[in-house]
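Chain lettering (A, B, C and D) follows the sequence in which the chains are written, and residue indices restart at 1 in each chain.
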Amino acid sequence: MGDPRHFPALLPLLASGGVLAFVGRAVLALPPTASGLAVEMRDGAKASGIKNVVTAVLLDFRGYDTLLEIAVLMLATVAVLSLREDPAALSRRIAGRAGPVLGALTRTLAPLMILVAGHLVWVGSSEPGGAFQGGAVLGAAGILLVLSGYAQPAWAGQRIVRWVLTVGLLAFIGVALYPMFGGGSLLQYPAESRKGLILFIEILLTLSIGASILSLFLASASATAGGERP
Amino acid sequence: MSTYLVYTAGGVLLYALGTYGLLARRHLIHKVISANFMGSGVFLILIGLGNRSPEGGPDPVPQAMVLTGIVVTVALTALGLAIVKRYYTATGIDNLDDEPSAGGDR
Amino acid sequence: MNVLAQLPGLLVAVPLAGAAISFVAGRRRAPHVAITTAFVVLGLAVALAVHVLDGGPFRYHVGGWGAPLGIDLVADGAAALFLVLTAIVGLVVTLYATAYFRTDDETAYGHGLFWTLWLFMWTSLNALFLTGDVFNVYVCLELVGISAVTLVTIGGGAEALRAGARYLFASMLGAMTYLLGVALLYAATGQLDMDVLRTTLVADTTAATGLALMIAALVLKTALVPAHFWLPAAHGSAPSPVSAVLSSLVVKGSYFVILRLMLDVMPAGYLPGVDIFLGVLGSAAIVWGSVQALLQTRIKQLVAYSTVAQIGYLFLVFPLARHGADVLTLALTGVLVHALSHGLAKAGLFLGAGSLMTRFGHDRIADMGGAVRSTPALTFGVALAGVTMMGLPPSGGFGAKWLLVSAALASGEWWWAVVLVTGGLLAAAYMFRLLSVLLTDAPTELHASKGDVRTEWLPLALALGAVLLVLAIPLVSNLAAASNVLIHAGVTP
Amino acid sequence: MIGVFDILLVGTLLWIAFGSLNENKLFKSVVMFIIFGLFMAIAWIRLGSPDVALAEAAIGAGATGALMLDAVGHLRSRATPYPTGHESRESDDG
């Protein structure tokens, strides 16, 4: 145990022990088989024509969760931006310190990751993959490119950067509101354009999730490289 | 006893471990890591218990919930780390036990 | 497009769009986006309340699926009340903030991102009041949590950052615990929709554990004693418009979910003893928070501890709800009036405290003597907010206490009435401590000789609203009758 | 049926998590956290959730790990200007 003064403290031990007993008892009381909403979801997905049920749940049945979740991502980006120490720090170089190994790795890996991201989105409706996974891989590729000095975003809170960060959420809101004009409710895609709209959202979300993850990293990383405190 | 129970039990243990770390570890970054372990614990419980389907194949609903949860957790983590860094720059303190010497705030 | 039918969806989508647009608009134009959004959302919220009064509660199927496949929003009387409260306080805070935050300073207040963060918070509060899905609550809570923590730290001072970090860890603990509860509940029942759960919930260890964890997490987020440890620092060190929103609205978001789970989703006595336990904690909060408020020497700390105390009243409805439909109706109307009156008065108090601090250049209560002479409108606003906080007639606070005391006496459990009266006396004591200084006729030396009309008069407007609320109690009780809690209890046909 | 592989995998996960929290050197803690994320991805595949596995590897281990490494670097790079006494013993990583 690390710091003898702090790690083995009584209250945390009681709390986690209590949780263990309380939750353990609840888990053991469960019947060994149950299917939740799996059957309904599978049938629903079959009707909507999306083979990957997880994608159907995320973007169709529970698309509202996903809309709010994109809001969470953008909110977190704004939050991290608001915590910058020095607004000018973002425009400074934050990388360019790649060694030969990281450089070579990036040269092979980054294009591959971007391809993988595209592939994940494309197959997302029928196989594992989709906007979240694709976006995450895209964001990771971006981080790698920046870390090794291949990409130098002019990250200065300029209008264009703000647009890139926002356009995914705005488009999603637009698509969510669009069915209202036809008498449907929020996010109720019309049957004839459902598949197209979902694919459109997937692509937008991939880009915006990728941009959010990258900017979460950039906004915080640049604070490190921003130099000394004023 | 079956496979789902192994992962669920692991999730419960992981959650308890994370709770302990969040409350007991002093360094703020350790607290952030602990919260992430709590999250992973809950996700394991969610998907573990979603693997009890008699007709085979895991329940897609917990999977969707976990995907959402992972994204939310990274957002929380990013915010937490940003605050920790800013606080450290301002005061040189990396925990919540010590008080900053000069608190000038409105 | 039938706007009336679309109101729940619009109440989330419009502020969300406002948040996104305010970010693109940039520092200078963002306040205009926020003000426009605030007026539109107020209109939508009032329209929803009128619609619910006319036609009763309705469900809104997002994506057109309907539960259990999709997510439903629930527009009932209680939700409409909280949405209107949020919109009124939100509009006033937005106007106040245009005077409070300087837009010419590049580095001040999160680089001008206050507006975007605030609109995100508004979105998440609206979404929280409307949602009918227990997992969606988790996403909403996270949106509220992230925006709230960030808004606390937006001033950038060491004290605020520390308070924000503490708030964030409390928030993380709460969110993970809530999600664990949802995991167990879903594993046991296979359902996420509150209304489906209400009709299908049976006695079950796992489901009960899940619900207990969810309620514990929400109690932490509502800062009910003893889980209040994060609140005074966070609410006390945030910029004043943020403190106003946190105290007046944010704690009510998680409280509202507790209300739904305890009184609507779970059958009576589903978690035995929890209703009484929450009532006892509420009573402890009233006493402890008030005593702490009495001991504070800094104005915003006093107001923040007063919030700890006032949250306590909200939890007295749970033990009273066990005593039949009539007591439940009185108690529920009482807490709803209390939530409204506290929401308006507390926002007024925090905004007023912020203006006083700007004018005096410090936050020490002892050195604020003579405020009444130099800043009459402002001091009058703070005093009036104090009156409703004490529960003096005629004010919204008085109406709330009257209803709650009647409920306690009708239930036969008179000791809750003793708690209520004691709480009123303690509130009078700590408010009097503040007012006795402000109202002295001493010569003052002001740091800022001239105040903006918005920062001088808006606190008074909110306080007046809290006082005049007493006239709107029939309206509140009509909305309470149109809430799912009373409809499902069989009170309203 | 309990597979030996599953028990080993869960045991490893718990062991790494415990090690990460019990480690006083922050850098090592974070590296263990990233390794934990990769093992989690394997667990997700075992549980029939490749969608989650992909997200976990990219976000859980990748992006979160990068953010944490950056934070550790930040704290380390600023460690010198402040007199000791404020810092807890856990931050002196090597």
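Note that contacts are C-beta pairs under 8 Å (C-beta built on N, C-alpha and C of every residue); 3 or more make two chains touch, one makes a residue touch a chain.
These numbers were taken from a predicted model, which means no experiment stands behind them.
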B-D or A-C - the one linked by more C-beta pairs in contact: A-C
Inter-centroid spacing, chain D versus chain C (mean Cα positions, whole Å): 37
CA centroid of chain A to CA centroid of chain C, Å: 30
Separation of mean Cα positions, chain D and chain B [Å, integer]: 11
Whole-Å gap between the CA centroids of chain A and chain B: 16
Multi-partner residues of chain B (at least 2 other chains): 2, 9, 13, 15, 17-20, 22, 25-26, 45, 49-50, 52, 57-58, 61-63, 67-68, 70-72, 74-76, 78-79, 81, 83-86, 89, 91
Touching two or more other chains - residue numbers and ranges from chain A: 3, 7, 23, 27, 30, 34-37, 41, 54, 62, 65, 69, 72, 75-76, 79, 83, 132, 213, 216-217, 220, 223-224
Residues of chain D engaged with two or more neighbouring chains: 49, 51, 55, 59, 63, 67, 70-71, 74, 88, 90
Contacting chain pairs - touch in the sense defined above: A-B, A-C, A-D, B-C, B-D
Interface residues, chain B side, partner chain C - complex: 15, 18-19, 22, 28, 31, 35, 38-39, 41-42, 45-46, 49-50, 52, 61-62, 65, 68-69, 72, 75-76, 79-80, 83-84, 86-87, 90-91, 96, 99-100, 102-106
Residue ranges of chain D touching chain B (in the complex, touch as defined): 1-3, 6-7, 10, 13-14, 17-18, 20-21, 26, 29-30, 33, 36, 40, 43-44, 46-49, 51-52, 55-56, 59-60, 63-64, 67-68, 70-72, 74-75, 78, 81-82, 86-88, 90-91
Touching residues (chain side chain D, partner chain A) in the complex: 22-24, 49-51, 53-55, 58-59, 62-63, 66-67, 70-71, 73-74, 77, 88-90
Touch list for chain C against partner chain B, complex: 135, 138-139, 142, 145-146, 149-150, 153, 155-162, 164-166, 168-169, 171-173, 175-176, 179-180, 182-184, 186-187, 192, 237, 239-240, 354, 357, 363
Chain B to chain D touching residues, read off their complex: 1-3, 6-7, 9-10, 13-14, 17-18, 20-21, 25-27, 29-30, 32-34, 36-37, 40, 43-44, 47-48, 51, 57-58, 63, 66-67, 70-71, 73-74, 77-78, 81, 84-85, 88-89, 91-95, 97-98
